[in-house]
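Common to both upcoming complexes is chain A, partnered first by chain B, then by chain C.
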Partner chain A sequence: MNNIKEITKEVKETADRFPRHEERILKGNYAASEAAKLCRVGFIPAYPITPQTTIVEDLSDKVGKGELDAEYVNMDSEHSVFAAAMGAALTGERVFTATAGQGLFYAHEVLHAIAHYRLPMVVCNVGRPSIPWNIWSDQTDSLAQRDTGWVQFYGESSQEVLDSVIQAYIIAERLELPVFVVLDAFYQSHTSENVWVPEQSLVDEFLPPKDRRNYEIDVEHPKAVGGLVQPEHYGKFNFKYWEALQKVEDLTNEIGKEFGEHFGREYQAVEAVNIGPETKTVLVTISSITTTARGVIRNHSDVGLLKLRLFHPFPKKSVLKAVESLSDDVAFVAVERNFMGDKSGAIKQELERAFYGERTNPIYDVYTGHGGKDVPPRTIEKIIYRIKNNPKEFTWIDIE
Partner chain B sequence: MLEIRGHARGGQGMVTAFEILAKIFSKLGDYHVQSFPAFGVERTGAPIQAFLRVAKGEIYNRSNVYNPHLIVVFDESLLEQVPVFDGLRESGSVLLNTERSLENFKDKAESVFTVPATKISLEKGLGSKSLPIVNAAMIGAIIKLIDADIDIAKAVVAANVPVKPEANAEASEIAYNSIIGLGESELKLHEFLNTTKIEENPVDEDFLKSVGEPEIDKFSEPYWSQPMSLNKTGNWRVLTPEYTTKLAPCSSNCPAGTDVREFIKLSGEGKFEDAVEIIYKHNPFPAVCGRVCPHFCEQACNRNELDDGVNIGAVERFLGDRFRNTLPEKTPIRYEEKIGVIGGGPAGLTAALQLRRRGYDVTVFEAAPQAGGMMRTGIPKFRLPDVVLDEEIERIRREGVKIVTDKKMKISDLEDEFAAAIVAVGSHIGSKMHVENEDQIIDGIDFLYDFKLKGDKYGIEKGDEIAIIGGGNTAIDVARTALRLGAVPTIYYRRTSNEMPAIAHEVDEAIAEGVKIEFLTAPVGVTGSDKNFTVTMTKMELGEPDESGRRRPMPVQGSEYEIKANKVIAAIGQRFDEFVFDGNKVEPAQGKMNLDSKIPVFCAGDMAWGGTVTEAIGSGNKVSDEVHAYFRSLPYSHEENHPNVVMPVDINFTYYMPTPRINNIVKYDIDLYDNFDEVVEGLKEEEIVKETSRCMHCGECFSCGNCYNYCPDAAIHIDDGGRLRIDYDYCKGCGICVQECPCSAMTFNLKEVVYE
Partner chain C sequence: MQPAMDFLIKEEKVFSGGLSCRGCGWSLLVRHLSSILGENTVYVVPASCFSIIAGPYPLNELRGSVVHTIFAAAPATATGIRHALDRQGKKDANVVILAGDGGTFDIGFQSMSGAASRGENLIYIVNNNGAYMNTGIQTSTATPYGAVTTTNPQSNYKKTWPKDLMGIVGAHNIPYAATASLAFMQDYRRKIQRAKEMEGFRLLMIDGPCPPGHKVDPSQSIAVSRLAVETKMFPLFEIERQQYTVNYIPEKFVPVEECMRPQGRFRHLFKPENKQILQDVQKHTDKYWERLLAMEKLTHELNIFED
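And then the complex of A and B:
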């Protein structure tokens, strides 16, 4: 039997897994702030809110210590944070901030403005619900911002947070769109785990400095922006915006592949696990529940898993492609840690839209884990059992 | 995969400890780690959990640890509050921070280990007694349990603690070497740590079937209607507030032992009968004491710091007057022992009454024609009308005390008939001044006795100049009596008004009536006779304080002068009459006396200590307890101990409105000649109720509701009995209630309160 004392003398196998990386133990929030630093962000407006606070706290520390050359501004509210982010982005700065729950809701008006001004930036949201008052994990806050037009990525580990922020800047700046990288409260934000942090030079080679488009606002060349747009022109803006959104899915896959070649960790818009000829049921998940589901389905050869990494715009092509081998009687189970004020959860809504005219599979909605309620393997087992034995279109789990 | 679950209190550093452990494991080998707290909003003191997973490959679980291989308890006190051992795997281990022996925890798990992490941490200066920071020590112990390299652990600890890296690393190492109960654990923990086998999830079908869909009935109310009740935060508490009734200074300072605060409260509620019963328990003379007691209670009243003490005397007098002609119940005689009491003053009568109430046959022998002692013979009628004293003594008689008057007795007279004697003859012999020609000087005590009981004026006539020597109540009473005989009294006192032992308001009344007082003067000699005296006086000055704490008067050399007077009356002190002891020299003291007598002899009253009616009553109460204890072989101790008396510093005066005291009306008739009417009037019922509302209820909850209003957790409620109560399920122990309690009726301490 191996003795740990002997193990410590072994050369760690992982040392060579990711060259030009340092293995660290980081919480998700620190992976986010580390990523912002590696992306050499130039402007950080900040306002604290649990469970996001340690992201902006750590960035404040980094700026204060001179590790990051950025303008850091303490604002008076989240509305002001996003207004400042918008202003800084208009000047062409690379902007980063983080928020959560009520803060995000409060900033809602400015989210539209940032998106429709086509201002690239990356913002981490650490999901929590609204009322009844709660600070725990829930994706309702960010999913409710779906129609502001921000691109939304959800990840399942601290590593993915760090890697997604880097990729998000490329996508944001190339398509001139703002991007949310969403973390689960606590299950990611406050969970310490192994993170391979790339060297700065490795990131610099991948993410170029923010380029200038020559229409940024500039004190040397004053001009007015934000004026009234007449009816005959307004649709043009939306059309251009729509056109950019159509490119997000492909670009996500493209950048994810390039990222894999450069850093050794590949990402796609969606990830299919254990989907094949035996598959009878597919769990569709976002965020940290995915990890637990991965573990559970190892004991269920007929259960597959579809992880949605890009949620908005919804990666319809990637989803259809991932499940193209499956027959139309395979059950899809949308695992919803969200409540959209509607009959269906966000995942079921999007799946139905994606499948319309394409597939006729039954889609079951399971509400679970709301307000941070723990979703352990036993709960996933229950979901699988329910769908296999007594499926209902809508099931609320563990509400007793 | 190895799963560890930790239990601690917020602030002890467990979450940091688990993060450091994750870092240690990542240095120990090719491990995937995952550490996180059971995310909450808990703060210092709250029970919290932290989890750690370590695996050789990917960790496919992002949920809490329900079935740990190792349970680690950072704080022993949690064992009583939190089900820490829940879900431990069959072959799992437990590590406890405790100094108790393993025996106490044998039944908790197959392998239990202890480490004195608190002791180690405090020795290393990490944290405080109420909240030791035990994380480094616990890390060391865990490292020992998995037989890992302590040097790597120490290095990681030192690099990751916010302060005192060396002390923390040392604590880890000491704990590593201090673990008790080492057994098979390390082997098992290794196995879990290094297996890459996929664990099956053995979930039974019944569990899977119970989807846990909402039970609609339980959700009939919206969540916000009972928002606090779902979140029981009481176990965050380290310090516990508690309603505590403490002694009020009025009660603790009453020599008779009366629960003053209680009778004031009951009077305020109009429950006068209940109120007077509270007094009667200790004092059969409320109508007398309401008039003549110096009211130690009022002097000690915390309200003096705000405006003026509560007029407790007026309340006592009101209650005594209202009930003094009521007829009390008689207790049956239960005991054989007959008790004889020599002296029918306040001490003797009180002792007799208390023993009679207990069931003894008691007889009081009084030398004077009427019982009452100094109340009868020394206190003039204008201060204490006869009817008041007569009726209160009659109540004592009605309760079964036999009173024999005109019977001057010695101890030896009681030996045949009685099982014990109580001697309480008071102090009725005036002290001598030891000046020339002293036999020409009238004794003040004799004068008061003879005038009150026999109408003997000692030849004092209208217009006589009377020189009275002394500064106590006797001097004042003599002067005021002389005034009413038409004389012109002057009191000569060797100190100043500050040192006068007489009751202050009596002095004020005497001056208002026309009594003159000369201070800092003392007689040296007296010449003359009949109604023609010359007294040689000397001026005095105050020197160093004497044994009484008052500054000692010293004669001023060459300052002698003469005064003329028709009568000279001395009232410079009294002593007891030795007749009771057959003239033997005895030093009387409270309680059982060491005498060569056939029956046990107990002593009480002025001859033992004190000098006021109320002190004599208290002395009588004490001696009755001692006699009873003597015959019934019960433990008895003189010791009086008043811990926890509420002092002004304990009172939140801002919560009380200054309110003027309702004083008794004092009548000053223009012509006092032959006027022995009572000088001081009592208060009316409505005035009594109003005056009692000034009581600040020191040390006793009066349901003001401050705690209820201030509690930030809404953890205080009013129970069915209308009492304020703390719901310890929700009290986090912030202490605001204790801080804001106006009257110090709460305490805040480390012990847990047991539910009622």
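And then the complex of A and C:
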């Protein structure tokens, strides 16, 4: 009985912490579609691909029922989805869509165009790899788009996905940059979790309607957009774009803090867990593997966790700050659910770049969870054991 | 009979200084188009000769908005623009795609078919000059049989027939599709007007003279375009909801050689050993024309496609 009382008390306390929210049980994909609705998106081009499909299905339903005042269009491919998103964003609409794996790869050309036309939008990607055919969780697809210039957030939970979409629109529209919010396939997209869904008015107070900036296509003020740029001018566009990218990390932290004040859940570019004087090893993770690692390190007082929420542009300042108290012999372990066709995984590559000239810690790379292979607590334990007893620069944990 | 003055541009909506080649069809095409559609128009331009003609950054040749977009997806970009304008209450604005044959027959084909199938409220203009002219005369699936391009040089000239784009587009059951020629200006202008008055996906395919690509003297652009219609190599017709109407029936038989001889891209076909090829082109042209007349008769008699 005591236990039930405790649970009831805990539920009530949480509810008090999140007033003007409704507690719902949502799959990650529905957290994403709910977020898009709360952000009052105006244009949704769509094309189905597993495991994203239920996001756009749900949005089509919401538009059909009149719950969401938006134009929803079933396109002929992901390439066309992103091209339509580009056209609508260029004409001043708040745009949302979702994709995954092959769809994202197919849209690659347009990703560059959207980013370099400086068009704000938010897109959810439900990560899966490419060939050999596979539809399960893997971050190779989105990480391979790192250099298209899109900002990339990775959500640890469905709550975080919902909250990140709202924050992402502010960042996107303020800096005129497109943003990906990435979910894990199935472990997140098709798994039900408790999600606190804010009331519409609460979101409206936080996220203003999309303002017009004068670059939009507007028949009353004709203009040409996107013409051939001569070598003389080309670099200037990249420079302005580079300047905007420099602001992403600070703005992420600023908006994450404001979000916390407004909604009761604070976010930062990175999160440090159990990093302190005792720390000998730090696991570096993105997405839902973070949750598993959180549980496991409770049994290891000397193992810390560094969660990367913002991945691109890489939050170098936040990472260095999170680990500034650690000595240079602490081992960093990059947990890679990705394969970049290179020696190192994406996380290790970025950590090395961030540490260069700043820190000399050993960075160990662990490849695990590819193509949706589960990364249970046992695997995290195994990683910790290996790094402590027989550290190797590269370990492929699942194929042994 | 309409008065001959009907082909004059009343209000010019194109600035001087367009970057087209001498004798290019694009400029004339767009001058008439823009003067009829007016300034309340967004032009969506995929990679094509027109992306250069319309002006590099920061220039704009047109009195109207121009969006330069990616090669394969101009109709998709236009879809986004159209829906955004509709949401903003600007349903009366025209959204017009200006594409070449490469961007329509080949790389943009799926995107065009998607927009046509969805019934997007767009006007699609194809300037069909029968090759990738902007990149320097490479074969497209619109390139005529027997023609020489840089990817089908004389040793290996094109030996397949061009895609029947109009047949395919018409089969999408769209409200309006038509061919037009810059040598038949009143017909072209009427078709722009007709397209403008309609709603839904409308497509005009214009025979695009290209002196450097076709190896024709720039002064002969319109003359050769006229011969394409007179020889029935480029028939003028309309398709409304799959119902065909032929707009111009040549009074007398003009052999295809008359249209092909002034074009350097067909020069090799006039060697004695290639006589058969010219005969094949004539035969194919005649068959297509007969088929067109049969389609006109059939679809008018059946009258089943009216909406």
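Side notes on the structure shown:
FYI, the second predicted complex is superposed on the first by the 383 of 400 C-alpha atoms of A that agree within 3 Å, B and C clash if a C-alpha of one lies under 4 Å from a C-alpha of the other, contacts with A are read in each partner's own complex, and residues count from 1 in each chain.
The rule we apply is simple: a residue touches a chain if its C-beta (ideal position, glycine included) is under 8 Å from a C-beta of that chain, and two chains touch if they have at least 3 such contacts.
On a predicted model such as this, the values are computed, not experimentally measured, just so you know.
On the superposed chain A, the positions of chain B and chain C stay apart, so the two partners fit side by side. Of the two partner chains, neither chain B nor chain C is touched by A:254.
Counting the residues of chain A touched by each of chain B and chain C gives the higher count for B. With both structures placed on the common chain, the touch criterion links A:156 to chain B but leaves chain C unconnected. In the superposition on chain A, A:204 contacts neither chain B nor chain C.
In the superposed model, A:43 makes contact with chain C only, not with chain B. Shared-chain residue A:302: touches no atom of chain B or chain C.
By the touch criterion stated above, A:61 is placed in contact with neither chain B nor chain C. When the two complexes are overlaid on their common chain A, residue A:294 makes contact with chain B while staying clear of chain C. The overlay of the two complexes leaves chain B and chain C separated by a minimum Cα distance of 28 Å.
For chain B in complex with chain A, the residues that touch the partner chain are 18-19, 22-23, 26-30, 32-37, 39, 41, 59-64, 66, 146-149, 152, 187, 190-191, 193-194, 198, 200-201, 203, 207-215, 218, 223-224, 227. The residues of chain A lying in touch with chain B in their complex are 1-5, 7-8, 10, 12-14, 23, 25, 27, 51, 132, 135-137, 156, 184-188, 190-194, 288-289, 291-292, 294-296, 298-299, 372, 374-379, 381-382, 385-386, 395-400.
Every residue of chain C that touches chain A in the complex is listed here, in rising order: 39-42, 44, 51-52, 54-60, 62-70, 72-88, 90, 93, 110-111, 113-114, 117-118. The touching residues of chain A, counted against chain C in their complex, run 42-43, 45, 71, 73-77, 79-81, 83-93, 95, 109-110, 113, 217-219, 222-230, 233.
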